[in-house]
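Several structures are given next for inspection.
Next come two complexes built around chain A: one with chain B, the other with chain C.
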Partner chain A sequence: MKKPLVAVTLAAAAVPMLIGVAALPRPGDPTAPAHTHVAAHYIEAGARETGADNRVTAVLLNYRAFDTFGEVLVIFAALAAVIAVRSPATPGGRADDMPGPGPGLPISPVVAFIIRLTAPFIALFGAFVIFRGHVSPGGGFQGGVILGALLVLLSLVLGRGAERPLLAVPLARWLQAAAPLAFTGVGLLGLALTGALLGYPAEPERHALRELMMITLDVGIGIGGAMIILGLFLEMRGD
Partner chain B sequence: MTGMLLHALTIALAVTGALFFLAGTLGLLRLPDFYSRVHAATKCDTVGAGAILLALAIHVAPHPEALKILVLLLLVLLSSPTSGHALARAAHHTGLEPWRRPGERAR
Partner chain C sequence: MRFSQLYNYEIAIFLSMIGFYVLVSRGNLVKKVAGLSMFQTSVFILYISMGVVQDGTVPILVDGVRVYSNPLPHVLILTAIVVGVATTAVALALIIRIKEAYDTVEEDEIHEQDRSF
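And now, the complex of A and B:
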């Protein structure tokens, strides 16, 4: 009874997908819908309309800001799910499911030295990618990943274990929610200024404010993304 | 004349790098245990990538991009041996015994 049902369900899901894939335009087709509707407008008027010289940033934070809001919520939900699954119901309840090469191995002095040596440069690069994303490839997501990798490395050298965390847990939780919080704040500010959620003021004399709103979003995405990567690492490494 | 010499140096360095990558890949596939494979793979990243990056830097010099490539080279020279060391250290800590010739006794 169950097997035919599974097969029918799979077929019902697969057939429309295969038909859809077969109907996709050829790669690079200039008459494809993706190239004939809004793309030309984004390329032509993106910088003027949004104030972001980088068209990807213009689409990400302005034309498709709702999509990006959804994306940061998905990333935050991923961390929330991992915390919900991993955290013990009672304190100290996970001592016996400790995988990996025992907790007794101290960090190698070579690795510690190299991490300390390169950390400032990695931090500078991450911040550069976040702030430079306004005018060139980069932005909050990419810079956040770089900063997140840096935090993971630093947690190997400076980490003090789950009992005495470097950042108080409530503060870390707020920072992990930085991206949704930034979107909520900027979105409500836009609502107050223009009457539309995540709207940006278009008047020329308010350009500085518009830039500031977009940079706030990028910094929020960057900090939130970095903290979420660190949170996933700390939750899943098993100590 | 100098241009030709620089060109020859670029080609020689790039070929050296490619040969190290070949040897490293062969070692990764054919060597008997974890330690010797890490050793082979790390050679690829340091000497192989290092020689190719140096060749590229000479090729684009005196363009400022050459400086960026040199910084990248420095990063590879720092990070690749470190990761090799960390891998081998973790394996040693878990008690993984190095491979020996059949019949050879552990010291």
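And now, the complex of A and C:
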């Protein structure tokens, strides 16, 4: 492509954006419109109304729970799309004689030992981030990424190819759908209790139930996210 | 000076233009996806910068703290990061599929094989 044309395109895109941000309030300005409308309410009442000290989780799982429901459906659909594209059943799909990297070099015993040694601690950390996600930094997605990275590491050490996967395929498929299933279950429970999909009971005597519903969502997101990361990795590795 | 106060936004635009440059100037599909990811990351920086409140801490309830940052951009960008991972994965899977069908990931060679230009 011609260099001057690229330069003109970049300038045409950058100059309006620079002019646009010049009119924005300074970052950190407490009177900026972004901080004075709905966000002020989240800060003020978020912990009281939702029972989640972590306001990010409060917004994620309570005020904007529909958004998060859609998000977990998106990543599940992405995994389904990747599996469909990579499936040998797709017409003209994955060729069995594809010149892939093959089984590759055996993994170094040092790396294998270190992964086995650290795996329980990584799993514990991931579980902590998931279960404490509503009161401390963390949450389902963050813990799910940690667990997903652990599963990828373990599949490198213990991986036995497509013939003998780490988890039985039917079980893995259900676990990959854990996040949408958790949202459906908690959403319907909320519908039964409060009359609103994904509604949370607000009565003080039901606060334990409300916390349990949030933890269920976080665990569902965590397990589902971890399994989807592992699924994407296994589909892409080209074995 | 106003310019120096808004440097977060200007860095985000600079980063997005690097990503955009990779996107329009390279024919390699993997590099295009990398450029797209950079563009996406610049939007994350822009949004997170907007959520900062002067002297504010993370938006997690702590005794004795009055000023918190804005939690809303954090949530929106958490969603955007997760969706970004999903879209990048689908893009890379499609590139693998293209590589199998055309035996190349260079855009001009694909057009040549299709005689589409």
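The working rule: the second predicted complex is superposed on the first by the 192 of 239 C-alpha atoms of A that agree within 3 Å, B and C clash if a C-alpha of one lies under 4 Å from a C-alpha of the other, contacts with A are read in each partner's own complex, and residues count from 1 in each chain.
Here, contacts are C-beta pairs under 8 Å (C-beta built on N, C-alpha and C of every residue); 3 or more make two chains touch, one makes a residue touch a chain.
Values in this document were obtained by computation on a predicted structure and should not be read as measured data.
Peer 1: Once the two complexes are aligned on chain A, which partner has more residues of chain A within touching range, chain B or chain C?
Peer 2: C
Peer 1: Output check: A:Ile114 vs chain B and chain C. Expected answer is one of first, second, both, neither. What do you get?
Peer 2: In the superposition, A:Ile114 contacts chain B only.
Peer 1: Of the two partner chains, chain B (first) and chain C (second), which one does A:Pro16 touch, if any: first, second, both, or neither?
Peer 2: Touch partners of A:Pro16: none, neither chain B nor chain C.
Peer 1: Sort out for me which residues of chain C touch chain A in the complex.
Peer 2: The touching residues are 2, 5-6, 8-10, 13, 16-17, 20-21, 24-25, 46, 49-54, 56, 58-61, 67-68, 70-75, 78-79, 82-83, 85-87, 89-90, 92-94, 96-97, 100-101.
Peer 1: Spell out the part of chain B that touches chain A in their complex, as residue ranges.
Peer 2: Listed in rising order, the residues of chain B that touch chain A are 75, 78-79, 82, 85-86, 89-90, 93-94.
Peer 1: Which residues, counting only chain A, touch chain B once they are in their complex?
Peer 2: 101-102, 105, 108, 110-111, 114, 117-118
Peer 1: For the complex, give me every residue of chain A touching chain C.
Peer 2: Contacts found on chain A: 1, 6, 9-10, 13-14, 17-18, 21-22, 24, 26-30, 32, 34-35, 38-39, 42-43, 46-47, 53-56, 58-60, 64, 67-68, 71, 74-75, 77-79, 81-82, 85-86, 92-95, 98, 135-137, 139, 141, 225, 232, 235-236, 238.
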